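You will see two complexes here that share chain A, one where it goes with chain B and one where it goes with chain C.
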Partner chain A sequence: MKRIRFARKIITTLLRDRTQYRGRLFVDTASLIARCGVLLVLYYYVFQLKGGEVNDTPFILVAWSMLFYFIFMTFRLRDIARSIMQDVQSGIVEILFSKPISYIAYKIWWQIGSGVYSFLVAAIVGSVALMSIVGIPDTMATVLFIPTLLSVLIGGTVLTLLIYIIVGLLAFWIEEVNPVFWIVDKAVMILGGSYLPIALFPDLMYKFALYSPFGASQFITHTVYESWQNNWYVLAGIQYVWILGLAVVMVIMFAYARKKVSVNGG
Partner chain B sequence: MLRELYFALYAIKKNIASSAELRTSFLMNVIGMTINNTAFIFLWIFFVQSVGVINGWTGADIVGLQGFSALAYGIVFSVAMGIRKLPDYVASGSFDRFMLSPKNILLRVATSAFSASAVGDVIFGIICLVIYAVLLHAGFLQILLGTLLVLCAAIIFLACTVIVFSTSFYFVDAHNVSNGLFEIFFTPALFHGGAFQGITRFVYTFLIPSLLIGALPVEIMRDTSLAGMFLVLFLTLFWLFVAVIVFNKAVRRYESSNFMTFGN
Partner chain C sequence: MRVITVSNLTKQFRFPVKNESTGFFKNLLNPDVKEVVAVDNISFSVTAGERIAFIGPNGAGKSTTIKMLTGILFPTSGEVNVLGLDPTKKRKELAYQIGTVFGQRSQLLPNLPLTDSLEFFGVMYDLTDAQIKKRTQELIELFDLSTFITQPVRKLSLGQRMRAEVAASLIHKPKIILLDEPTIGLDVVAKKSLRDLLLRLNTEEKTTIFLTSHDVGDIEFLCERTIIINHGVVMRDMKTADIAKDFIFEKYIDLFPKAQFEEFRSLPMGITYLSQTPEKITVAVNLHTLSITEALKKLLTLFEVDDVDVYDTDLETVIRHMYEKDSLRT
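For the complex of A and B:
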């Protein structure tokens, strides 16, 4: 109960804070338009040139898949890696370790609270805009769509947090975590289906996207394709296996990281 | 003017020397960024494999595009990273020290910081452009055009970065706003140039000059287009002029926040 109250307090406080900064919301929406909007216009043009379909996939599926990726990006869950890194480099981690709260739980709720407002606004505005421009594909009108979408959204959120927490925790051992962050981030970006939708992946790359944690964290982009109706439970299973595996890695890493810190007080 | 440039060069030299002292971190940043950049090449080459040639753009052109963009980005942020720190300088009040300096404010701010990872961009950009020149079987004129275009791309990139980060003087939450605007400008520069046609090409050439960083230089070098070169030269001067005006106007809005950070 205490933990739930703690999470609720952080999220509601940050939600209130974020609603005050209209500039940030403007930026998130503008970024979504700059990245996703422009990309969709370009893909629309390319699909027109290719007669409406590429790799037997129509533009409408690609558009929704890419929108889901970019909406998920506005959650900014990846920023947790840099946040942990800054805590370690600045020494703030010492102070937070001495508080009667779980450091990792605090960082997770903080990250979710920071991004949830932009995420919800982007999800609503982006979906309504795309719905009115290209419509909804049949695959999104099935009974299965919403429950499985919510399931992989939650799974993707947890898996993304785990991946980036592990990257952030490396700061306890490595002087400069940024290069690791960039490489992991690009792996998520490529295998998640950002600039190149998963429907256009070559075979080998598609397998990497399915079986690596980087691709599994973005399974939300798979939900609009027809294949999702038949193999959603396999993908959800892969996602939850990675969650379990990386959770164990994170717990062990955090235990070792704690031992490396000496709180000097003051 | 020469004195100002001499001072800027001195500041850049000191920044590089100071950053290179942390050798492991410096090397990790350089190597990490070089690996990181190859992701975009893979992405767009897979794209070309899937959809084929679009408006004459092949896989080789993608290599050139990434080369021009990375080199422009790398050159600017390896010598003028201070521009990107403008929101922090303004918010914390440490911009005071630039106001009090007898040197040119823009040059002083720009050369106040250095990014080791941008050196990785420079290396990556040079490698890509050499590969592109080989794939293109580039002649002397094309290489000359390519060199000129790198300079123009870097100046346009610098000018746009100055304009974007000058918004720090106008917004309270400037860090996010300026970084978001920077993404609006820079992200399309990394996209497949052949897919920009009609209105999108006009918008991203004349209103938001993203295509001037990579896509247009690739096409000018490939087609040895002198008319295109003159257009880019003209737009380079135009954006540089606009950037200086916007920055000087924006600086007038600055109010010290009384942080005791002089000399930091």
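For the complex of A and C:
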């Protein structure tokens, strides 16, 4: 109960913090629409040239898949890595270690609180816009869609947080973690379908997107395709196996990191 | 009742150092390791309600000790017991009973009013909404926060922010407050205000105060006991009032001329010039070499004076001398 109350407090406090900056929210949403919009316009013309389908996939599915990717990105879960790095480098970590909280849980709720407002706005604005432009595909009108979407969204959120927490925790050992962050971040972007929709991936790359944690963290982009109806439980299983594995890695890393604290001063 | 007990506490930091004579992979995979002993086998205890200054030059081991007392750092060896708890094993449990302020790092929410930070910490420390409201009101009164309580924290002056930091760390009525350089960067007025508040807190709420500081004013005004640490070792642990008494080996004399000083003669052994102008001469007298009466007699034979002023060295100088002496010894 106490933990839930504190998590709720973090989220509501950050919501109040974020809503003070409507300009920033507007820029975030406009940037999402611009980035996603430009790609969708480009792909629209590519699909037109190919007779409306590429790789047996119609444009409407690709459009929704890409929108899901961009909406998920506005959650800014990746920023947890930089936030941990800054805590370690600036010594803020010691303030948090002196409080009656779990550092990792605190950072997770803080990150969710920081991104949830942009995420909700982007989800609503983006979905309404795409619904009015291309409509809703049949695959999104099935009974399975909403529950499996929610499941994979939660799984993706947890997995993304785990991946980036592990990157952030490296700051306890490595002075400059940014190159590692950059590599992981690009892997997530590429395998998540940021540049090329996953339906158009070559076989090997598709497999890598399925079985690597980077791709698995973005399974939300798979939910609109027809194949999702038959293999959603396999993908959800892959996601949860990675969650378990990386959670163990994170717990071990954090236990060692706690003993590695040697922040400035003294 | 003892609230802090530290026995043979040692903290050693190990960090890799680049060896220019070996290759990239050796440095990456098996680097040379340098060991630094930040705290070296120290022992002390603190009783409830005491006001302790834990002082020392940069790198002496002050912050490292405070961080071990709060469970942030793990000791290499030795034992720490704070309020009956081992900070390394019961960090969260202990956190409910202690407050911490790190002068150079803010714990407040920068974009929101101070009330939000106080509420936030109240929930963090598991207080009920009614308790938070009551305690916030008490802190507003105690720390005189009402004039800026609704302003975003980032718009507060440094002095206001430090008062807010201390207030936030007291939301849960801790039994001990550990302050690491609380007056750093504050102007004279803000320092005095913060010291007054801490003293009031100690008197009214019986909170034990354990502070590190470079500011002798903090120590003189606020702390009844001082522990001096250098190179990780406790050099002195004594009443603050006794430091100056026991360690003064110098007195200062100001000489004022009848007209003007025209000649600055060489001084006898044990007396040195600190400043020499036609209007005033200041000298330091080494009390190990000669007494103040002898020094005065000798000075009066050398100069024609209208008035003299004899005074003690300040605490800061005493402590500086102690650091210097300790450095020479090591």
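Annotations
Going forward, the second predicted complex is superposed on the first by the 261 of 266 C-alpha atoms of A that agree within 3 Å, B and C clash if a C-alpha of one lies under 4 Å from a C-alpha of the other, contacts with A are read in each partner's own complex, and residues count from 1 in each chain.
Everything below uses one rule, namely that a residue touches a chain if its C-beta (ideal position, glycine included) is under 8 Å from a C-beta of that chain, and two chains touch if they have at least 3 such contacts.
Quick caveat: nothing in here was measured; it's all calculated off a predicted structure.
Look at A:S127: by the touch rule set out above, it reaches neither chain B nor chain C.
In the superposition on chain A, A:F97 makes contact with chain C only, not with chain B. Applying the stated contact rule after C-alpha superposition, one finds that A:Y195 touches chain B and leaves chain C untouched. In the overlay built on the shared chain, the residue A:N231 is in contact with neither chain B nor chain C. With both structures placed on the common chain, the touch criterion links A:F6 to chain C but leaves chain B unconnected. Of the two partner chains, neither chain B nor chain C is touched by A:S212. Touched residues of chain A were counted for both chain B and chain C, and B has more of them.
Within chain A, not a single residue is touched by chain B in the first complex and by chain C in the second.
Touching chain C in their complex are the following residues of chain A: 2, 5-6, 9-10, 13, 16-17, 20, 90-92, 94-95, 97-102, 258-259, 261-263, 265-266. If you check the complex, the residues on chain C that touch chain A are 13, 15, 38-39, 59-65, 67, 70-74, 91-93, 95-96, 98, 100, 102, 104-105, 107, 109, 111-112, 116, 119-120, 123-126, 180. Those residues of chain A that touch chain B in the complex are listed here as 21, 23-24, 26-28, 30-31, 33-35, 38-39, 41-43, 45-46, 49-50, 54-55, 174-176, 178-180, 182-183, 185-187, 189-190, 195-196, 200-202, 205. Taken in their complex, chain B has these residues touching chain A: 22, 24-25, 28-29, 31-33, 35-36, 39, 42-44, 46-47, 49-52, 54, 117, 171-174, 176-177, 179-181, 183-184, 187-188, 191-192, 195-197, 200.
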